[in-house]
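Structures follow.
Presented sequentially are two complexes of subunit A, the first with subunit B as partner and the second with subunit C.
And then the complex of A and B:
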């Protein structure tokens, strides 16, 4: 019984962290599907979102429920501007050029953040209405921060599902990601849609950053968590939104279990071991579609 | 007034003159066909009209308004729809969804109302669905309504693409080789549809076509191009018999 409780406790905390991976992976996938750009700066967008949240809530003293949406909206604007100013001019250039630009954006974001006087290279703490509270579910203990992460992720995924399924902009985004040429000629402003998608990805990253802040603290290097979200996106089959969520959860849970049951050090490689195993068996990822060329 | 007026249009790729000083007029409700050997500049003219390329010189006017420099997504809003040589569909969507996307430019709803799913949004949805069902009936696509287009045979995909163009309710339809990849029976069907599109729906058609039987069947006027220049224009018989055209196809 005790072994089972320990196991469940690890799964629970793994799932909470997995939700964060899932949200960042979701950002990767949204941008990749629409524009075929792999945004290596997705983790840094999350970091900037967390810093903005810290600024509004801790430094400016705004209430959490005002600071959170404010940070999310600011990040959506930053995401859209990044697309307009940095990414759009290089679309159509060789893939490595685009990869270098997004990697560069990550570097600039990290050093930029550490140059901001009130941010610097220190770790910052900011508390949310959930911080420090716990709920017992039978023998399990869940912190409210963890529950908030899971509930928010679930709600966000549901809203995004409805958005893509039923709204005109959501449907236009899907159309643009399936065939840009055809999208233009049914009258979809594809370039503007791409900027909106970057905005959406950055907004999702900001939510992830603010939810994660009470657990890992706010720091200029917190974006490196994107390195775990990347295998999550690949695991799910790059390009699949349900895949990104499932991939994130799998990586989170495996990591948490590996940290608890396996010797020191396995925790950090667990994500990649799982990724290698899955790709060996299912090269297209969990939810990916097979790429078969018709002849 | 001509529906489409093209004046002194030129497009160069480096030293290659893809389109050179081309002018012609397309009148309402006619079928106007561009013919010519491969590389004559026919598709380039389509791409200029639908704004994939920027013209180096010349002017394109639709319904008397200059469209030489509008954004590509505005072309559909003005009432010009097109199909592609190699079929460009939303592969992961069904036939119905593809056709509904064709209606995209006609949607008037705004996001806040959509999120609330207000009665006006539902009424508009219904109107678009009806319009799309009309197109499905017209092109006899009922059987494929809910199939994913990626899985359909080429001939059907071609018809779906035509349906998506029709769903937008265009005034001018650009058809890039409507018969390419179709068998004789399907080509026959395509020629009936093109006639119905102009006569029943009153839509003007500008098309590129190699199949001379189809060209003869449906075209009111024909324009022959070679190396980006106009070599002959007029009714089918006179263009086909024109010595320049014969030389372009058969060589000296």
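And then the complex of A and C:
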């Protein structure tokens, strides 16, 4: 019985962390589907979102429920601008050029953040309404931070699903990501839509950053968590939104279990071991689309 | 009748290759005009230039009296120019209904859009049956119908089609072309049809142009084009007997 409780407890905390991976992976997937750019700076977008949240909530003393949306909106703007200023001029260049640019954006964001006087290279903490509270579910203990992460992720995924399914802009985003040429021909301003998608995934990253802040603290290098989210996206079959969510959860849970049951060191490689196994058996990923995108 | 599209002396080159050499063309309100030509004649290039996806190296194109230089396909759609690209290009992972909704992106009148979706199902009953299927699983003919319906969803004044008969069974081609003529009569949309299938194209067009190696070599009313010896031989596959009662390997074309 005790073994089962321990196991469930690990699954629970793994799932919470997995939700963060899932949100970052979601950002990878959104941008990749629409623009065929792999944005290696997605983790850094999350880091900036967390810092903005820290600035608004801890430094400016705004209430959490005002600071959170403010940080999210600011990050959406930054994401859109990044697309307009940095990415759009190099679209159509060789893939490695685009990869280098997004990697470079990550470096710039990391050192830029540590140059900001109030941010620096220190770790910061800010409290959310969930900090320090726990709920017992039978023998299990869940912190409110973890529950908030899971609830927010679920809500965000539901909202995104409805958005892509039923709104004019959502359908246009799908159309633009499936066939850019045809999207132009039906009057969809593809470039503006791409900027919107960058804004959307930066906003999702900001939510992830602020949710994650109470667990791992805000730090200029917290964006490296993107390196775990990347296998999550690949695991789900890069290009599939449900796949990104499932991939994130799998990686989070496996990592948590490996950290608990296996010798030290396995925790950090667990994500990649799972990735290799899945790709060996199912190369297109868990939710990979059999259909190839036409160029 | 109002002139909707006016191309003057359009030239286009891909590197050293001249794809269009001084093409001029007119499309008036409510007209159906066919542009005939073989592979490599420059048909697709011409359409790309007319919808501003490609800039001409020389010459000018006016849509509704305004020069389209510097415009883009999405802006021209807002002004009433819809384009059905070659090879259908539907959105594969959107349902049929969502494809149609995407086609109405430039409009915001929800009720009228819903009514137009129904109108399209009326024109193309096969689409109604498959409205919740992904467009990728439709047959070629159904995808072509969807591409046409999607273009009509923007309520265009001009509908440009790039080889709608490509890869379709003859009976289906006839059905689609008859429907195009009907849509033209009912809604007054002008149609510019680029085709290799001269027989079908001329059967619904008012006028036609013959494009050969980037040049317009003939333009006339459809009936007269259909009766023209060179068109009959080159595009309609009808062979007349030569003077000596036998067909020469290739008669020299005169284009007059």
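As a working rule, the second predicted complex is superposed on the first by the 289 of 295 C-alpha atoms of A that agree within 3 Å, B and C clash if a C-alpha of one lies under 4 Å from a C-alpha of the other, contacts with A are read in each partner's own complex, and residues count from 1 in each chain.
The definition used in the following text is that contacts are C-beta pairs under 8 Å (C-beta built on N, C-alpha and C of every residue); 3 or more make two chains touch, one makes a residue touch a chain.
Because the structure is predicted, anything quoted here is derived from the model rather than measured.
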Practice task
Specify the outcome, clash or fit, for subunit B and subunit C once both structures are aligned onto subunit A.
Solution key: clash
Problem - Touched partner set for A:113, first subunit B, second subunit C, both or neither - result: neither
Exercise for the section: Have a look at where A:71 lands relative to subunit B and subunit C in the superposition and call it first, second, both or neither. Expected result: neither
Practice task
Examine A:274 and indicate which partner it touches, taking first as subunit B and second as subunit C; both and neither are also allowed.
Solution key: neither
Problem - Touching partner for A:168 - first (subunit B), second (subunit C), both, neither - result: both
Practice task
Name the contact category of A:22: first (subunit B only), second (subunit C only), both, or neither.
Solution key: neither
Exercise for the section: May I ask you to decide whether A:178 touches subunit B, subunit C, both, or neither, giving the answer as first, second, both or neither? Expected result: both
Problem - Shared subunit A contacts, counted only where both subunit B and subunit C touch the same residue - result: 168, 171-172, 174-175, 178-179, 181-182, 184-190
Handout entry: Partner subunit B, residues of subunit A touching it in the complex
Key = 166-169, 171-172, 174-175, 178-179, 181-182, 184-190
Handout entry: Residues of subunit A touching subunit C in the complex
Key = 168, 171-172, 174-175, 178-179, 181-190, 289, 291, 294
Exercise for the section: Within their complex, state which residues of subunit C touch subunit A. Expected result: 51, 53, 72-74, 77-78, 82-85, 89-94, 98-99, 101-103, 105-106, 108, 136, 150-151, 153-154
Handout entry: Touch list for subunit B against partner subunit A, complex
Key = 50, 52, 71-77, 81-82, 84, 88-93, 101-102, 104-105, 107, 109, 111, 114-115, 117, 164, 168
